[in-house]
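A quick write-up on the structure given underneath.
Labels run A, B, C, D and E following the written order; every chain starts at residue 1.
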Amino acid sequence: MKKFLLVTLMGIVVAGLVFAGGTANYAMLSDVTSLNIWSMLGPNATAWNFYATMGKYGSLYGMSDLTYQVVPSLADGFWTPLEKVTEDGTTMYVTTVKLLKGVTWSDGTPFTADDVVFSYEVPFKLQMPGNWMSNLPPDLFIKVVKVDDYTVKFYITHPSGNFIYSILMSAIVQKKFWEPVYEEALKQKDPAQYMMSYDKDLLSEPSIGAFTVSQWQKGAYLLDKAVPNYTFKGQQEIEYANGAVRYVIPSLNQDNTYYGTAQGTVNNTFVTGPYVDSIIYRIYQNQTAAVSALMKGEVDYILNPNGLQKGFVQQLQTNPNIKIVENPSLGFQYIAFNLRRYPMNNKAFRVAIAYLIDRDLLANKILGGNTNPLSSLVPPGNKFWYNPNLKAYGDGMTTIQRYQAAIKTLKDAGFSWLIEPKIENGQLVQRGQGLMGPDGKLIKQITMMAPSAGYDPIRSTAALWVEKWANDIGIPLYADLTSFNNIVDAVFNQNFNFDMYILGWGITIYPSYIYEFFSSDQNVPGGFNSPGYTNPDFEKVAKAFLDSTDMNVAREYAFKAEEYLNEDVPYIVLFAPNVIEGYRADRISFAYTKCLDGIQSGYSGYGETIYVKVIQ
Amino acid sequence: MKAVLEVKNLKMYYDTQAGQVKAADNISFSLYEGESMGLVGESGCGKTSVSMSIMRLLPENARIISGNIFFGGKDIVKISNEDMNKVRWAGISMIFQAAMNSLNPVYRVGDQIIEAITTHEPNVTFEEARQRVASLYKLVGLDPERMDNYPHEYSGGMKQRAVIAMSLACNPKLIIADEPTTALDVIVQDTILRELEKIQKKLNMSMIYISHDIAVIAEVASKIAIMYAGKIVEMSDSITIFKRPAHPYTVGLMSSFPSIRGPKKELVTIPGEPPNLLNAPDHCRFAPRCPFATDECWKKEPSYEEIENNHFVACFHPQNLKKQVRNNVG
Amino acid sequence: MSGEIVLKVENLSKFFPMKKSVFSRAKHFLHAVDNLNFQIEKGKVLSLVGESGCGKTTTGKTILKLYEPTGGKITFLGKDVTHLHEAEDKRWFHSKTQMIFQDPFESLNPRKTIFDIVAEPMNIQNFGTLKKRELMVMDILKRVGISPPDAFLWRYPHELSGGQRQRVAIARALVMKPEFVVADEPTSMLDVSIRTQVMKLMMELIKEMNMSFLYITHDLAVARYMADEISVMYLGRMVEYADSEELINNPLHPYTKALISAVPVPDPEFKRKSVEIKGGIGKPIDPLPRCRFYDRCPFAMEICNQKEPELVDVGQNHKVACFLYKKDGDTVA
Amino acid sequence: MTDSTNTTVETTEAKLESPISIRMKLMWRSFKENWKIFSQSKIGMIGLYIVIIFAVAGFIVYPILADTVWKTTSLNAMVSYNPVTGYDFLQNNPAPPSWAHLLGTDPLGRDILAQLLYSTPREFMLGIVAALITVIIGTLIGTIAAYFGGALDTFFMRVADIVLLFPFIPFLIVISGMMQVDLLTLALIIGLLSGFGGITIVLRSQALIVKSRPFIESAKVSGASDSYIIVNHIIPNVMPLSFLYMMFNVTGAIFSEAVLSFFGLLNIKMSWGLMIYTADTAGYIIGSNIWNYWWLWLPAGASITLLCGAFYFIGRGLDEVVNPRLRKR
Amino acid sequence: MMLKYIGNRILQIAILLVIYVAIVFFLLHAMPGGIKTLLISNPKLTPQAQEAIIRAFGLDQPLWLQFVDYMKNVFTLNLGISFSYYPTPVWNIIAERLPRTVLLFTVATLIAFFVGFASGKSLAWNRGKTTEYVSTIVGIITYTIFTPLLIFVMIWFFGSFLGIFPLNQFLNPDLWIHTHLNAQVIFLYILLTMLIIGIVMLVSYLMALRFSHRIRTRRLIFYLSTIIAVVFSLFFWWISPVGIYAADILWHMVLPVMTVTIISYAGNMLVMRDSMLETIKEDFITTARAKGLPDKVVRDKHAARTAMLPVVTNFVLSLGFVVSGGVITESLFSWPGMGMTLLDSTLAKDYPLAAGALIFTGIFVLFAHLAIDIIYAFLDPRIRY
């Protein structure tokens, strides 16, 4: 899930700050599906919806710009520690959140606890599908209660990191606008459906953010206009080298620092805009068209979650006005083993394959630098959660050394060959053939499904290389390049009917997936634990990670859990693709361009429209 | 009498990939006002080539090698296509072999006739033209109401009549009727032939009938030319041709018809088949099938000569005076 | 006139439904052949004469089972062959009957060699060995004047002239020495000089092989030459039937008279007097129960509009279907 | 003809050869005749030459090259690679044509020429299998519907109407998007779809013409069964037209495959359409890149166009053989 | 009679449509995967959320019930709810995009038809000349060229190299942000204008037939009223405040229309050429020549008019393929019409939308067939109902 709203950051009033005008033009590769918040966050929430429309909404908490730490947004300071209470015989945990006073919606209505309560009540009561359901997990969320106009209480079933990263970051809508709709909805047979398909006056829905959508020409463009009375306009976010973040909100007379003290080197200072009058999101139906538009100057920047391919970059580089930026993506591509089957259930076998895979060679040479080698489930860019001490099998080895290590691992575990692979003078001189398991029986062909070149040439190329490496030392691995759907179908629909496969995950900053991908309660048909990994020790640590609301504690557990996974290799993480983007440096400027998942990233605000300036 | 049409030594050849086809070779005849002439021959003998040469409606690969066709004092071989367009229909019109297909299926029959009139007489108003078509329809025995029908709503006989009406539309001096009744039933054929004859007499037009059926020609033509393999082998007035056929081919042709009159007779057959006109030989083209052929016939082509008054034959052994031969055969 | 009766047709009818689509039942019928009676003796030729659309071809095809008869009875060599169900009967019937078609360009499959075409009836009937078939093909080709046969055996129809093609078609029809042959205008598409050759050839073969022929033609002169007996048809009905010379010299039915008078005569001095009949030929779709010639007949009477005339024998094996005549040549009017 | 019985006609018997050799000679002769007509059609000959060039490239040159030049002999992963799927480390990719890679390499370092040649036999296979299925179905249904008429005919013609109604490519897109479609399946789908569609109507009307010709009745008079007539008379006479349509169908099948591959909808290793897809999605078919990286799309695009065009040309050439009315005099 | 015929045809079309919809429905339901796969590939969806969606889509009902419902709904334009635009009804999406496709392809096919017709006519008439060879070869090349390739080159040439036509989108946002007009409305207005001009042309043609028998007068009436209709509608657009927006859309249409025309004119041209060559050999052409009609009249009035019939038939048969080509054209020109919707929904596994797009493409083709059938009946007097 994308963390959508991080807009509302604070800053010190800089007197006489000049806000320039102008219009920025962004390219999108697809139309938004709806302007209705309930639907936009529905089952098919797309990145495009977020790009163009999320400038309108707020959330209680968000993340700091480049350090990705949880910071208050519409809340006034952090939540109080969870307290255990019992109501009507149920044990619950409760916390109090204070709201910022003085924040107004674009129609002038003040933001109050009513809005918050309403925003949580509607999706939860109506069982809104899609992301709402994961924002407000039914097994975790209980209710939100208004204490006074600027205080609310959250009730949850148990402590969990998801409380912070899902519940507290859920979107806030205006009660005044939506209440009549909600009341009408409750009279319907399917109220959720009614809410989601409501499409009247959406352009006049008040915004709490810096922008509001003022026009939507379907299939052609969206026009976002700056909100003149944006409460947070002109605030400052100051990020210190010691990890502290300071927010100064002049309009509200707020000056808060989190995660340390506001001293030492200042890494970044951001002054909130908006600096432009409007942003036009032009819809181009494919990348080629969008890039042509960028070349021509029709647009200033292309929003694209996958980034630009090599050729586009080469084309864009011919234009001196276009600046290319490259960032690692928040996601990873991996090989999964089916631990329910032999020989994948043999750890030595998995380790041998892990040894064989030369990520650096793959990422840098074979895939031509379009990807970053990655061996952990958390990419290094996710600074807080990244475990720098994790060391993958075969790190730093050459190909031949890897061969040797793999052969040795197999031999030690009792595997043997009909014809043993031979390495002389740093050269493989004899391929292995007829690998036999510890039981002395020949190992049958192992099929590794991977997306075909048509879907993703990078993964299919990687698959063929893995196949080659494995075959070189006699592992009968066969790379079956098939359609993406086929893999998903085999893995998730057909009850884990696979040997090995290559797929990728798009991930979140908060690595709750460490638990979900490998926990035993996901080891059910259709569950996420496709390898069928079961390890009680891991389970214990991972659960502890998930249930910690203190993130420093959580991190300790996460590191431990990762170590188990690194040791047992149910997944081999291969690499994280790079997100390459280009923008017209002669037309606009961004506050920063070096960030995880690129400028378009949800974590730095979709090209941070509040910082974008048009060069005039 | 004035010659309406004079064809002199007309040679029309086709160029094909296999070689040259001498479709019409050295054709000469003249046709006088009010005269009707029959052109008889088997399929592929070049009779249609002659008519198409006169109309100058030759396919791309056909060429008039030499010869002249005088019509109305002009050599229509030499005039431009635009000038020829003025001659067509207004001067020489035509009744086509396949009347079924000579009407455009997407236009009303009446309109197709009116088109011919208005093209050649631009001053005629539409109503006048319609009047004229109506009277033409009456002339050929069609109900003028049917003018506004499409060709597919006509029967075969009616189409033929409509085509005849069309040929008369511009009062031409000469009508070429190319197998005008071939596809028709015998009773319809009879009525149409009679009507044609009547109209021709009435309007004092000249006509050329083209047919493979010598009996049909005998009914309507006052002058008959027999064609064989691209050449006219015999020509005279019809009575002479029937009474004193000179060319062995003519003789054979006439006796090979079963007749419905008189006693039942044995049929005489002409052996063999008509020659291919492709790379035609230098000798007499009928020689291979001729019972009277001598060495001379195999050496050169006979010249086309007047053997008696107004009776032209191309044969070394004309049978004109040997009555006994005719009697034997007939 | 007595001899073995090869074919006997009694009350033969063939109606074609006029349908618009497969979903609707036919409401109208084309009475192509209506209540036909005749018989052919061994070695004799009967000619069916009439204008196009009179049902003569349909008659021939119905007899040969190309169409299922709507009604009536067909007896062939004493056997009822109106409806053939048993495979053996079909085989027997088809091996004894044959047909020669009008168009020599169309009746030979352009993709088959002369040998295949001529041998096809034997192939279909599984007759003899290949060797035997070859010999029979050679033999019949020689007899129809295709010589030398082996020079033509492996040629395709398009390499032959029209006359040769019709000879091949005849050879094909006669290769199995059928008892009975329907010849549907076999010479009408041929050139004059060839036509005579083919007619003569057929006459010879009929004599030689002692076959019975149903000779369909629109040309009375040809019928006179080829046939022993002539039957004139008009709109599906037989209007007159007689020995050929009798019919030509003494036509009784107004239609026959008109037909004969309309034939052009190759003599410029001869002036025919034609019988004027009105209008043109129509189509016998759901005909009214009256004389079908009524509309065109110059002698039409009241009775002609009321019922259909039956074929009556006016003597000398001369039958006519007209109210002008009674038995034995008595003229009514 | 094994048994030689005594015959009376020795002279002719001596000249008779065994039927098989005669048939062969006949076939050869009619082939020569048709060839003569065909070879006069410039367009048809151009098409044939192109097809031959592609066939040689795909079926002869590729196996040879794959077995020699491109053979993975060394065990060192850095030097040895499969040219279709492997990567050339020795340069920056995509690389322009050089001696090592006559047509350059693609963004994934794969040899363009190798991909091109590797795909060729597959394109042929696809085109010909699809066309064969189409023609077999079309011919059978067309002739049967025409011959028997009635409800059967109506049924198949309505089916054809519906199939014609189907927007072909969109339909293929939906099918291949929803299920895993490989080349053979695609050939099958294309074959079936076009087999029940337009070709049936065309062949049926042709069969109706053949059916009405007297030689059919001629065979019936001899007692021929329906199946005999269909097999021996009707099919041989609609065959040339079937063959003609087969050529057009090859074009259609290859084109459809290329379109589907171009949208990345097919589950195949390599094809010309996929090569363009790779170049397009990697951003090499845009602006000045089009000509700067021409080798990425031009060879594949030209191959599709040429091979499609070539079969179409052959079809038009054959048209002049099959339809004498189009022939030049 | 004509009305009865049209009624019959519409009935037939309805039956065809039912069968067509059934095939589309069952084919899509026979596909492996489907919605469940789609949901599972989203790791953040809880099982409850998935179930909720499955219930929302009626996927828990037996297939035949789903089908009956679907069939009922298709005829009330209720095509279900799009997966990828959840919870937007499919019909809304189609209603938004259909006019774009209809406009683009009506204009392009009409142009392609007339270009093909005219060039085929002159090809056949000038047989054997150099121009014939050149245009035949050009025609065959454009006919057989791989469509995306042609589009790439077109885009490069007109967009990057010459830079004269807009490459992408169907309107210019810089212009449209100053209005609150819905582009869909403008599309409908343009289509309406075209329809009105078409009706004026048809009526004036019929009136001309009735009023005069002189070709020249008929032509005058026809052309005059057509020109008046065009000028009048241009004037209307000129004075109307939205004219500029229509012009903007048309301006953006130039390149796609050009491309579709180039792709599809050659098919018509080649068929017209063949048909014309055959017609020229017909006897009535010889008759027309013999009548002394000028060459041009023989060519246009007799040969071309009659030769047109098979071309129209071919045009009908090729309609499905023209629409097919739309997928490529629309995708590469970012013209968000039906073809693109189909491709995108397929790629997104949004099968209610894919089915809807397929059905409406089919309906579009069907009604085009109907229209052409009626035109055909006008063209060929042999066809009577």
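The definition used in the following text is that a contact is a pair of C-beta atoms (placed from the backbone, for glycine too) under 8 Å apart; a residue touches a chain by one contact, two chains touch by 3 or more.
A quick note: this is a predicted structure, and the numbers were derived from the prediction, not measured.
Visitor: Could you give the fewest steps needed to travel from chain D to chain E through chains in contact?
Guide: Counted as steps through touching chains, the separation is 1.
Visitor: Looking at B-C and A-E, which pair shares more C-beta contacts?
Guide: If we tally the C-beta pairs in contact for B-C and A-E, the bigger total goes to A-E.
Visitor: Using mean CA coordinates as chain centres, what's the chain A-chain E distance in Å?
Guide: 43
Visitor: What is the distance, in whole Å, between the centres of chain B and chain E, each centre taken as the mean of its C-alpha atoms?
Guide: 53
Visitor: Taking each chain's centre as the mean of its CA atoms, how far is chain C from chain D in angstrom?
Guide: From the centre of chain C to the centre of chain D is 49 Å.
Visitor: For chain B, jot down the residues that touch at least 2 other chains.
Guide: Each of 60 in chain B touches at least two other chains.
Visitor: Residues touching two or more other chains, restricted to chain D: which are they?
Guide: Where chain D meets two or more other chains at a single residue, that happens at 180, 265, 280, 285-288.
Visitor: Which positions of chain A touch chain D when the two form their complex?
Guide: Against chain D, chain A makes touches at 287-288, 291-292, 295, 308-315, 318, 365-368, 399, 427-431, 452-455, 457-458, 461, 464-465, 468-469, 472, 481-483, 485-486.
Visitor: So in the complex, which bits of chain C are touching chain D?
Guide: 21-22, 61, 64-66, 90-91, 93-95, 97-99, 101-103, 106-113, 117, 120-121, 124-125, 129-132, 134-135, 138-139, 149-150, 154, 156, 169, 172
Visitor: For chain D, which residues are in contact with chain A within the complex?
Guide: Residue list for chain D touching chain A: 75-78, 82, 85-87, 89, 92-93, 107-109, 180, 261, 264-270, 274, 277-289, 293.
Visitor: Which residues, counting only chain D, touch chain C once they are in their complex?
Guide: Residue positions touching the partner: 1, 3-5, 7-9, 12, 15-16, 19, 22, 25-26, 30, 150-151, 153-154, 213-215, 217-224, 228, 233, 236-237.
Visitor: If we count contacts the way the header does, which residues on chain C are in touch with chain B in the complex?
Guide: These residues of chain C touch chain B: 51-52, 161, 163, 191-197, 199-200, 218-222, 224-225, 245, 248, 258-270, 274, 277, 280-281.
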